[in-house]
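Look at the two complexes coming up: subunit A is in both, with subunit B in one and subunit C in the other.
And then the complex of A and B:
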């Protein structure tokens, strides 16, 4: 049990709502006076993950577990899964469709940025079943 | 520390919900039928003044007769002032009119702005500032960043506002010219907004402002236009160009940097959205961010008399045949030290739930639980701006959950049904 547990549904059908969950997490972390550097890293890493869920997986669920020393972010989707995780982790690699790219997304920086801004990241994925990304950001680096 | 220009006239306040809903820092509550402003949260943006239908929110400023306290009186007109007059084609009319009102001298804030722009350009070229640099000209924005955006405090341009710099320069010049001691010289800013008044009374960047008072544009406008109508000749007083006058409208300060990678946003909600994006590193590569709390920039200030869009159109026409800039560092003998903030902007932790993180987290959990029980209408009838803010107020101990009319109604229904059941049971002889 974490001290503060937040749960969100990330809708897959409405692109304009992407970023709402990470925005709420940021707002709450500020309210509780969390370390500003950790807040920034949580909101960027989670935003990227949230966008990924909307673009590739038709949405999903997000769970954020906050403790004084760390924030754990779980992003669970039931989308197509990631066929080649290693490739997906490369900067610039993207399978995003053109309509998404035209909005300025899909540059292939999602997963690399999530890895960069979080302190730990684990991906469990199965093609055809979905993916779960678990990220941890420590309050103090 | 918490002087505010924005105040409440209790007699006029009817306790409606307009101001509480509009306030960008959730600083206002209605308690016992009257609005109450939480001092440490207020950023003096003036949105509550703008929105109050009962004119119960007021701005404190100085009256024209207060200039008499000084032997030598200097007016510092904001460039916004020029946009208030119809068919104005020469700023000297306004400046000469100000002298007829009793000022010994006028020093245009627009001319100081041109020097601030040049110093900013130099600092940015030298790579001395953390990018994106965020403008510090709007005091409401600086105060907003101070209470809501800890990560962005060190992006704020650490230079005096044109107003502050104008007062310092005008005073120094006047001491040399008149031989009077500085205490005999009074500098009065002709202000478009209450945030500037607060910035004079409780400055963030300096210990004490060199500005001695602020007179609202709305107060000076009728008497000034009366004087201007009677002018038979004008003095050649104006000393500002396209750049200086441009500071009155959103985008003026940025375009004065002669760079392409800038963003200018105005209106407090838009400002907040942009600040969120900068914080999350989503704005791409920009060098400069100009933010104005009022729509249109300073021309949208709540103490202006003219519609901001009309004022903007007038200023565009007025600027058209001016030189680009009439003030230059190498000719003025100004150095960076004359303009640099004494201290950097420090985050003021007034919105967090508790200084103790574990305690704050427990409170956040309690707030989420209460929110789940509330109707989510954000009606404001409880006196808090939203259901979430109300839940926070309950957890902070400022009010009770039953202050929500819907919670109260549900409770009363429960009690009523218990009583009626009891009554039924009695009748049936149970």
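And then the complex of A and C:
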């Protein structure tokens, strides 16, 4: 059991609501006086993950487990899966449609940012079934 | 310097004023993923992106205000979200370069 366990539904195809979960996590971490640098990294990594789920997977679920020394973020979707994870991890590689680019996303920075801002990241994915991304951010880097 | 003072010196028009925050430096960019990772707390953020996602990025990056340059549009959903989340938003007719010059002159 973690100190604090949070669960969110990330709605699909709704850019207006993406960021609600990560915003809420940020707010809660701030309230309990978490390390500001860790809060920032959790927020950014999770928001990118939320956006990814909205763009690519028709939404999904987010689970956040907060402990004094670390925050674990689980992002679970039942979307199309990632065919080539290595390629998806390359900065600048994107399969996002054009309408997403006009919103300021789709530059192929989502997964690279998630890796950059988390301390550990694990991707489990199966084409046609979905993806689960697990990220860990330590309170002290 | 406070954001209200900077806005007055630079002639920004307030579209949403929530809190008179401190301003420490400036960040410029329209690519949200890029800005989110690089803008610093209390930066004033110059952009042309006036959508709800820009509001989310402003909250996550904890910038002191968004300044929409060249009168770029703030959509109604974004304004609503900015009110809910307490994000300061200003508008200016100047382009981003001119706006940045004014900010430098005002801050230094």
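Here are a few things to note about the model shown:
One rule holds for everything that comes next: the second predicted complex is superposed on the first by the 141 of 141 C-alpha atoms of A that agree within 3 Å, B and C clash if a C-alpha of one lies under 4 Å from a C-alpha of the other, contacts with A are read in each partner's own complex, and residues count from 1 in each chain.
Assume contacts are C-beta pairs under 8 Å (C-beta built on N, C-alpha and C of every residue); 3 or more make two chains touch, one makes a residue touch a chain.
Note that the coordinates shown come from a computational prediction; the quantities given were computed from them, not determined experimentally.
In the superposition on chain A, A:107 contacts subunit C only, with no contact to subunit B. Contacts of A:26 after superposition on the shared chain: both subunit B and subunit C are touched. Contacts of A:72 after superposition on the shared chain: neither subunit B nor subunit C is touched. Of the two partner chains placed by superposition, only subunit C is touched by A:116; subunit B is not. When the two complexes are overlaid on their common chain A, residue A:4 makes contact with subunit B while staying clear of subunit C.
Once chain A of one complex is fitted onto chain A of the other, the partner contacts of A:34 are limited to subunit B, with no touch recorded for subunit C. Of the two partner chains placed around the shared chain by superposition, subunit C is the only one that A:16 touches, whereas subunit B remains out of contact.
Look at A:43: by the touch rule set out above, it reaches both subunit B and subunit C. The intersection of subunit A residues touching subunit B with those touching subunit C, taken from the two complexes, comprises 23, 26, 36, 40, 43-44, 47. For subunit C in complex with subunit A, the touching residues are 30-34, 36-37, 41, 49, 51-57, 59-62, 77, 81, 85. Listed in rising order, the residues of subunit A touching subunit C in the complex are 15-16, 18-19, 22-23, 26, 36, 40, 43-44, 47-48, 51, 103-105, 107, 109-110, 113, 116-117.
The residues of subunit B lying in touch with subunit A in their complex are 148, 150-151, 276, 279-282, 347, 349, 351-355, 357-358, 360-365, 368, 392. Interface residues of subunit A facing subunit B in the complex, by the touch rule stated above, are 3-4, 6, 23, 26, 28, 30-34, 36-37, 39-40, 43-44, 47, 66, 68.
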